[in-house]
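These are the structures, in structure tokens.
Paired with subunit B in one complex and with subunit C in the other, subunit A is shared by the two complexes that follow.
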Partner chain A sequence: MSATSETKPVKKRQGVIEHTLSDISHTLEQSIFAEDIARQRGLLQSIDPRVKVLSMVALLIAVGLSRSLAVIIGLYLLTLVLARVSAVPMSFFIKRVWLFMPFFTGIIALPALFITPGPTLVQLPLGLMITRTGAMTALFLLLRVSTSVSLAILLVLTTPWNSVLKALGVLHVPDVFVLILGMTYRYIYLLLHTVNDMFLSRKSRVMGRLSGAEERRLIAASAGTLLGKSLHLSGEVYLAMQSRGFRGYPRTMDTFKMRALDWACLIGMLLVTGIAIWLGSQGTQ
Partner chain B sequence: MLHSPAYMHIPDGYLSPIISLVLFLLTLPFWYRGVQRLRQMVNARSVPLIALLAAFSFVIMMFNVPLPGGTTGHAVGGALAAIILGPEIASIAISIALIIQALFFGDGGILAIGANCFNMAVVLPYVSYAIYRWLSAKSPITSRRRLVGAALGGWVGLTTAAFFAGVEFGIQPFLFHTANGTPLYAPYPLSVSVPVMVVPHALVASIVEAVITVLVVAYLQRTNQPLLELVEKPELVAEASRPRRLRWLYVVLAVAIVAVPLGLLAPGTAWGEWNSQQLASRGLSTIPQGLAQLENLWNAPLSGYNLPSLGNSNAGYILSAVVGIIVVAVVAWLFTTLLVARKPNTSGKSN
Partner chain C sequence: MSNEAVFDFQGVSFAYDGKVKALEDASLCVEAGERVAILGSNGSGKSTLLKLMDGLYFPNAGTACAFGAALTEQAFQDDAFNFSFRQRVGLVFQDSEVQLFSPSVWDEVAFAPLQLGLRREDVVKRVDDALVSLRIEKLRDRAPHRLSGGEKKRVALASVLSFNPEVWLMDEPTAGLDPRSQSWLVDFLIEQGRAGKTVVTATHDLNIVDSIADRVYVINEDHHIVAQGTPGEVLSNHELLIACNLMHEHLHRHDDRSEEHSHPHIHLPSHEHLTA
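And now, the complex of A and B:
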């Protein structure tokens, strides 16, 4: 994702407005990209969203509980295969996980190599040594985080967001809560556009650079205004909903249908999960 | 990800699924409280209101806040939400924003949703709000004390949330490791994880939280004061929901009163309320002298729940219970009337 490269005029320090604007466009771009892939033809796209949500949570638990690195690596390879057959661009899928996420986790895992007590694995100059337990624990952390992130990305990339939300019903998430999540997701984009307009209009009237204090005042005023707008809008949305017959609880139409492929996939994934949890509880390496 | 405030969004893999589940269960009662409060305040309107507020929480997390000195950071906005909506509703709004971040944007893990909600949607708003209310108690809407409360609330709130995250990380290697001692999740003990979470947050992220909270509150003091009064306005609370809740309490109380005489059927003395002879019969042969001396120091007015003039001890017991209930009820009634009578005094009569 290269949203930041689009802000052409390179200055010494990016202003707050520009920074926030580029973050907003990055978020918008990210979800448009996801919707794009969700509309492609592929294995995961053709499977019932409820099966996908259940399988993802089951596999996440298997990854979380595993005491064996081999099992976690196996599950990561499974996500790669699933991405491959679901028209998810491989380079994006791998880069997204290994470039962004463990940037963080990598920095956190690094000291563990040296400070975790245990038998020496590699002796380094300056008296530093990597311990065997340190290497193992760092690997556990890195692999667990990247496999979990891959699973989550796979679901979101291959399923339109409203289907993901509807499918949460199988996890016994209450209907009202699903409705609220859906409305929130929808209004996040409206508010992002509003903020985008507010900042763009401000930017178009600013010559030169704002001082730190001015920038802070601007950000606070925008946040305050946005809050007022949000509350006002919620009143209007309520009236609109009421005029269309909303009485405080949602009615959903269940349009999902389980087909043979869905059942096969569900049984397959639960089997994989079961085996992974069993193997994961056995091995210590 | 690009828009996560420091590393407060815990990804999956740092915490054992068991700890995530525990934190999720700890968060549930706060969500329940939030939903109750929403029903009280707005009922049917709550769906669009909470959706918009959650969307606002999400968007506010994307704002870049410049600090004096050149660094910028992202705020969670939890303290601000708590000051304006009250901690119960803020908790729901932030939780929903966090769930959407985890589900659709990869910020924070999915199994870790419980942990992230506990830290940022429970600890942060409740702590911030307590400090804000404590410092701004009874001050007018435009008072400077409210600004101090907002800033300090934001700073302490987020730092406390970071402390909790540090504790959650720190107990992992202690609880979950392989047979040869390899930590399975976050690898550092409490002595490392707590300072690593608390110090950077206290120096940057919490200051960002304080700055955005105080500046927005100051802005609202100048431009939109009704927003700051939202929590304190009694007319927002639907009158209808009040008596029903009390009636429910009365039912419980009535059942308890009716059930109390059942205790008469049970033989023996209440556990732990033995006198010196009963203690001796339980095998405690030597009673400390001090205790023996003190035994007759205090005699309750209805000692042993028996009225001496009544021959039948059971009737005396029930009568004592009735007297007790009446005394408690009168005291409670006096208390509430005194507290309620105060309010109109401050605004109505000019004394």
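And now, the complex of A and C:
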């Protein structure tokens, strides 16, 4: 730290990086690790996770294949109904999908409004025009993505993450992949807290404003330290696994049991999917 | 107590990456059913010794034997040897974060029985028994990272208890635990000893040594085993404990002696320290 930087008055502020890391940490904890909704009593919470995973994949295929807006809208409405009967707060569920939609899918869909050839829907200044075909293309994209995201969010909100991972076995996802995903999930939390602690520790010892170069140097040093810590941690975790009999090919086990309700749900969802695919193939874009 | 040697280490040395010395010329013998404490300050090589005993590291020099067989990388290539050894020896790591790598407590406790190829019903029974035994049934679906330090330690113990090893290797078991969890853990180790298990505990907590060990090895800061004896013999050798950085001397008061004085001591509630 330079002498001048030490004497500069300190303004109460939070650095962009600290703020971002803190937000990422908070959001991840809320979105992945908080299992409040998954512990509620509701329809989807009482269904076998394997049924939910299979149903979600089937419905995602139906959404992707559908050439009918009405079918996609129908499936979206189905997600709302399922959310409602599964104690998922509606405003939270809808906002979670639609707040991010303009930033991600909207940016991709926007050019389609203008560049897709077709009959004019709206004439704009400077010779620009929105075509009917372009509007339909953008609408299809937005609805497909929002319905698909809603289905995925519904699964994650109503199922503990651990059960989601185990249920992937029903799709014949290899055990080693499930194990790695599970460990990633578990250690992201630890590393996020380590990063937060590192930045708080730095903050408690910085007595002035740092120059951009000094900030960059400290961030690079922190990144290096974190990498070193995570490497050490991964080595120790591997030893702990070896110590308990791990030989490079993991064995996992689920304790799921199919009940009458689960079979009924599975059959119902597959029927809905079949009908949606058939109806969707009748429509035209 | 049987006289069969569980561990027989002769002149064992180990260095990380072949450069950073962690253990020098260590010789020790642990018999079946014995309770042994490895005393040493931070960085003396206690954890490394336990990892050598668990066949996770292998000596750079000297010989390390367990149950009469040499612990070598080649030996562990053999599935039968690996299976037999892993089933008989369990290591509880100092840092529970390292040991608890599964997404739920149930999965964590089931990990070893599953890797050891037990049948589904046996796995379920062993996990349930371990959870009940450590009174953590209510935590079964919880994520390990959401638990308190004491709960994490119980889960780490359950993850080893589920395969019921003959030998427990404990690395700094009381580190970072509150007093209630510490005393519970000491009771757990005493129970294991009474059940005829071999218990090797690495620690620098002199307060628990008398309760958890019948024999003590002391490692100094140069990574050598410099003494062995009964807890009474070792704990009364203040010169040795000060030399190995396990005891210190500074001004303090006793409950029953109000004037300031100084002598070598370990930290007990009846000591009031006057200088840091």
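Going forward, the second predicted complex is superposed on the first by the 248 of 285 C-alpha atoms of A that agree within 3 Å, B and C clash if a C-alpha of one lies under 4 Å from a C-alpha of the other, contacts with A are read in each partner's own complex, and residues count from 1 in each chain.
In the analysis below, contacts are C-beta pairs under 8 Å (C-beta built on N, C-alpha and C of every residue); 3 or more make two chains touch, one makes a residue touch a chain.
Keep in mind the model is a prediction, meaning the values are calculated, not measured.
Student: So, on subunit A, is it clash or fit between subunit B and subunit C?
Tutor: By the criteria stated at the top, subunit C and subunit B fit after superposition, with no clash.
Student: More subunit A residues touched by subunit B or by subunit C?
Tutor: Subunit A has more residues touched by B than by the other partner.
Student: Examine A:255 and indicate which partner it touches, taking first as subunit B and second as subunit C; both and neither are also allowed.
Tutor: second
Student: Once chain A of both complexes is superposed, is A:233 in touch with subunit B (first), subunit C (second), both, or neither?
Tutor: In the superposition, A:233 contacts both subunit B and subunit C.
Student: So, does A:60 touch the first partner subunit B, the second partner subunit C, both, or neither?
Tutor: A:60 contacts subunit B only, not subunit C.
Student: Just checking: does A:244 make contact with subunit B only, subunit C only, both, or neither of them? Give me first, second, both or neither.
Tutor: In the superposed model, A:244 contacts subunit C only, not subunit B.
Student: Mind working out whether A:133 is in touch with subunit B, subunit C, both or neither, as first, second, both or neither?
Tutor: In the superposition, A:133 contacts subunit B only.
Student: May I ask you to decide whether A:190 touches subunit B, subunit C, both, or neither, giving the answer as first, second, both or neither?
Tutor: Touch partners of A:190: subunit B and subunit C.
Student: Please indicate which partner A:160 is in contact with in the superposed arrangement: first for subunit B, second for subunit C, both, or neither.
Tutor: Touch status of A:160: second partner only.
Student: For the superposed arrangement, tell me the lowest C-alpha distance between subunit B and subunit C in Å.
Tutor: Scanning every C-alpha pair, the shortest subunit B to subunit C distance is 8 Å.
Student: Shared contact residues on subunit A, subunit B side and subunit C side combined as an intersection?
Tutor: 161, 183, 185-187, 190, 233, 237, 241-242, 246-247, 250
Student: What part of subunit C is in contact with subunit A in the complex they form?
Tutor: Against subunit A, subunit C makes touches at 51, 54, 56, 79, 82-83, 86-87, 90-91, 93, 95, 97-104, 106-107, 110-112, 114-117, 120, 123-124, 141, 143-146, 159-160, 163.
Student: Mind listing the subunit A positions that touch subunit B in their complex?
Tutor: The touching residues are 13, 16, 19-20, 23-24, 26-27, 30-31, 34, 56-57, 60-61, 63-65, 67, 100-101, 104-105, 108-109, 111-112, 115-118, 133-134, 136-138, 140-141, 143-145, 147-149, 152-153, 156, 161, 164, 176, 179-181, 183-188, 190-192, 195, 212-213, 215-217, 219-224, 226-228, 230-231, 233-235, 237-238, 241-242, 246-248, 250, 284.
Student: Would you mind writing out the residues of subunit A in touch with subunit C in their complex?
Tutor: 33, 160-162, 165, 182-183, 185-187, 189-190, 233, 236-237, 239-247, 250-253, 255
Student: Spell out the part of subunit B that touches subunit A in their complex, as residue ranges.
Tutor: Spelled out, the residues of subunit B in touch with subunit A are 1-3, 7, 11-14, 16-17, 20, 43-45, 47-56, 58-60, 62-68, 70, 72, 77, 80, 84, 96-97, 99-100, 102-106, 109-111, 173, 178-188, 192, 211-212, 215-216, 218-220, 223-224, 227.
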